[in-house]
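As written, the chain order gives the labels A, B, C and D, with residue 1 at the start of each chain.
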Amino acid sequence: MSATMATAKPLNRAAMAARAAQDLREGWYVNLGIGIPTLVADHIPSGREVIFHSENGILGMGPAPSPDQVDPWLINASSQYVSLQPGACFLHHADSFGLVRGGHLDLCVLGAYQVAENGDLANWAMTENDPAPQIGGAMDLAVGTKEVWVLMEHTTKDGRARVVHQCTYPLTGRGVVTRVYTNLAVLDVTGRGFVVIDIIPGLTIEALQARTEAKLHLP
Amino acid sequence: MSATMATAKPLNRAAMAARAAQDLREGWYVNLGIGIPTLVADHIPSGREVIFHSENGILGMGPAPSPDQVDPWLINASSQYVSLQPGACFLHHADSFGLVRGGHLDLCVLGAYQVAENGDLANWAMTENDPAPQIGGAMDLAVGTKEVWVLMEHTTKDGRARVVHQCTYPLTGRGVVTRVYTNLAVLDVTGRGFVVIDIIPGLTIEALQARTEAKLHLP
Amino acid sequence: MINKIVRSMDEAMSGIQDGSTVLIAGFGHVGQPIALIQGLVEQGARDLTIVSNSGGRGHTGPLARLFEQDRVRKIICSFLRASSLAGELVRVGKVELEVVPQGTLAERLRASGSGVQAFFTPTGAGTKVAEGKETREIGGRECVLEYALHGDVALIEAWRADRWGNAMYRATGRSYNPIMAAAAKLTIMQTQHLAELGELDSEAITTPGIYVNRVIHVPYGDPPPP
Amino acid sequence: MINKIVRSMDEAMSGIQDGSTVLIAGFGHVGQPIALIQGLVEQGARDLTIVSNSGGRGHTGPLARLFEQDRVRKIICSFLRASSLAGELVRVGKVELEVVPQGTLAERLRASGSGVQAFFTPTGAGTKVAEGKETREIGGRECVLEYALHGDVALIEAWRADRWGNAMYRATGRSYNPIMAAAAKLTIMQTQHLAELGELDSEAITTPGIYVNRVIHVPYGDPPPP
């Protein structure tokens, strides 16, 4: 790889979440997956009303409470203590996933192992016969939500691409991802493949392409 | 027809309802259909706790209120004002029929045009192409409830049998009826057909058979 | 700030297209959004498919106006009275009819709102309503395949609602309202009472606002007598 | 007088057979009926199929005891941690695993309680969980046919319940509880609070007593920390 990142500083997790949070719109109903996506809630521009869903049965989930405000009966899908937005309500599991599968959420933001240029998502297992599968609610969110954004590191720790021509890991959903936010760039999934709509300062398209298996396109 | 009813006095509607009400058991969840079945609720022996379902969304329906106690938002499936039993709750239509179809009700009591000896029920239309069909919830109740009792006049006004070998009217459900209460008798539907388990005083089995198309059996 | 509360019936009804499938909630007059049905009469959309528990009674009321004005192409219901205007128009072939067992009607609406595309139900197996439909024995019971029933528009009546569209119903005013609210692309709700956001009990909200697009305050009118 | 309230854990657990499918509610520790799971451990039934959102964490807690005592033949869940005892036993082939997407698991339980025998869902189409299953394109979407999931026994945790078995939950303690309560032949409920009949709000009862066979008062114990 000749491309370097000498002057470019990859986003840290908080900055990745903040970048995605910028693009959430007023009035959207949003589910945030486990991991980095959870951080998106902390970066919504003030005054912008966004309603968060947690698939274990909250519509109108608020931020982590202060320690003296913890309700042990109120957790999110990552089993962390949360609070409620005014206007929140509770749902049982069939209603909560009916809401997901029925196409009512505007957006979910998920982590991923791989995203392919056709929108395929792989985020639940790294081998074909994972003995401990962790599907959870991801397959329902992937097929049911109007927009599916992925928030992930652009490459694995050992430098392999996650933004790929074709997923090699077991799929969560086919053709479902609409946008990818990484620590290096923002990519839209389009009919012609990945289109770069944002890139961190100091990084060239060539350097980004060198870290990406799929072919990148310009807008 | 040689058999006469010289000494036998057919039950009136209230007495038919009272006869059926005798057989309801403590703790049963019961749906009462439109018409005579509705009257069953008025004849439950005192102290016997029976819980009534109305398919428009009440579990724990109480009797008609006094005029000054009417809540215009509280009606039964016949659009009559009702009250609540303590412990009642409301259900939306999918939950209310989920409860029906899911086999959770112990009993429904329905009116009918015809009941056949194999348990077939016809209670929603009198011609194959009724231009104004009134199915309502009867088909769900017929297939979903543990016991389906029919409460009806033994014959039509012009003397034709309703207790038949085979239904000629469009079916509500196949093989669903378990017992029939008429103004003349109580019949169980069994593997060998109708079995007479009660008959009004003064009426002979022969006289009952003369008013019945299906073959009657003794217990 | 999210605010789904609209100020006029014109605003509530805007954009309803000719040819729409309109879900009209309520059972009897209870939970039936009479002001919204009247709004639809005035709005003028034609060639409608109406989904409603029944075709109404007699010739009075706003639902009958839609039929009287030749605005309805088809009715999907579980119960049609011969004496109703809808019943008369069906009999003479002016309105198309699809009759559906009540529990199947409810479940098809619930399926639509919850992303289930089709389901096997024992209801109606071996009867006229199963004619022409796929059937299959599952778990020892003959079942009929029924499809999700999608609305373009739902007209809903709540008891109390807030600016997010969260709603509670009253008594048997619940009926079809929650499942129809979730089954349409455009859900319009009339409510007898408005609540401040946060005022409705999180444990008791029956329709979450996510299913509701517009709320109009109609601060009068218990259901008329049956 | 109807009274579903039982006085002892022995009475609550009586009649659970070897080979039963046991639905265990809750998400994380919240809404998980810990006292009843402990009761099942003591009751002794073997060869169980456990249906639960996840296989638990680590090696502690009453669910892990069931696995440790070799009482579980199969687990049906949406999420299995490699580090859990259940995960370890699955890996070495001692416990059978059926993994189900969470929404499909919820819907299969809801189908069971509501008499739907099977349904077509888009969830999982084109993935490993659809392998070997019937698929069909409906409304332009590829769907997977999934079947109702029936329990012999359900273990449920309520917040408040009455002698009819009517119940309300608290916050995210709701989760699988209402749908599992309706999906089993024998539903056993622990409740932190008892209410007099008529005391629970008719508009806010989440599980009607018709789904509940036995109620036991366990008057302590907020969920342990995650």
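Observations
Definition applied: a residue touches a chain if its C-beta (ideal position, glycine included) is under 8 Å from a C-beta of that chain, and two chains touch if they have at least 3 such contacts.
What you are looking at is a predicted structure, and each value in this text was computed from that prediction instead of being measured.
Taking the definition of touch as given, a chain qualifies here only if it contacts chain A and chain D alike; those chains are C.
More C-beta pairs in contact connect the chains of B-C than those of the other pair, out of A-C and B-C.
Using CA-based centroids throughout, the chain positioned farthest away from chain B is A. For the pair chain A and chain C, the distance between C-alpha centroids works out to 36 Å.
Between the CA-based centres of chain B and chain C the separation comes to 29 Å, rounded to the whole angstrom. Between the CA-based centres of chain C and chain D the separation comes to 33 Å, rounded to the whole angstrom.
In this assembly, the C-alpha centroid of chain A lies 56 Å from the C-alpha centroid of chain B. Touching of two or more other chains is recorded for residues 107, 110, 114-116, 121-122, 141, 169-171, 202-203, 206 of chain C. Shared interface positions of chain A, defined as residues touching 2 or more other chains, are 90-91, 94, 97-98, 100-101, 144.
Touching pairs of chains, sorted by label, consist of A-C, A-D, B-C, B-D, C-D. Interface residues of chain D facing chain C in the complex, by the touch rule stated above, are 107, 111, 114-122, 138-139, 141, 143, 147-148, 168-171, 201-204, 206. Listed in rising order, the residues of chain A touching chain C in the complex are 26-27, 29, 49, 51, 53, 59-60, 84, 86-91, 94-95, 97-105, 144. Residues of chain C touching chain A in their complex: 1-2, 110, 112-116, 162, 164, 166, 182, 197-198, 200, 202-203, 205, 208-211. Listing the residues of chain D that touch chain A in their complex gives 27-31, 53, 78-82, 84, 87, 90-91, 97, 99-107, 109-110, 121-129, 141, 159, 169-179, 206, 222-226. Note for the complex: chain A touches chain D at residues 54-58, 71-75, 77, 79-81, 90-94, 96-98, 100-101, 125, 128, 131-140, 143-144, 170-174.
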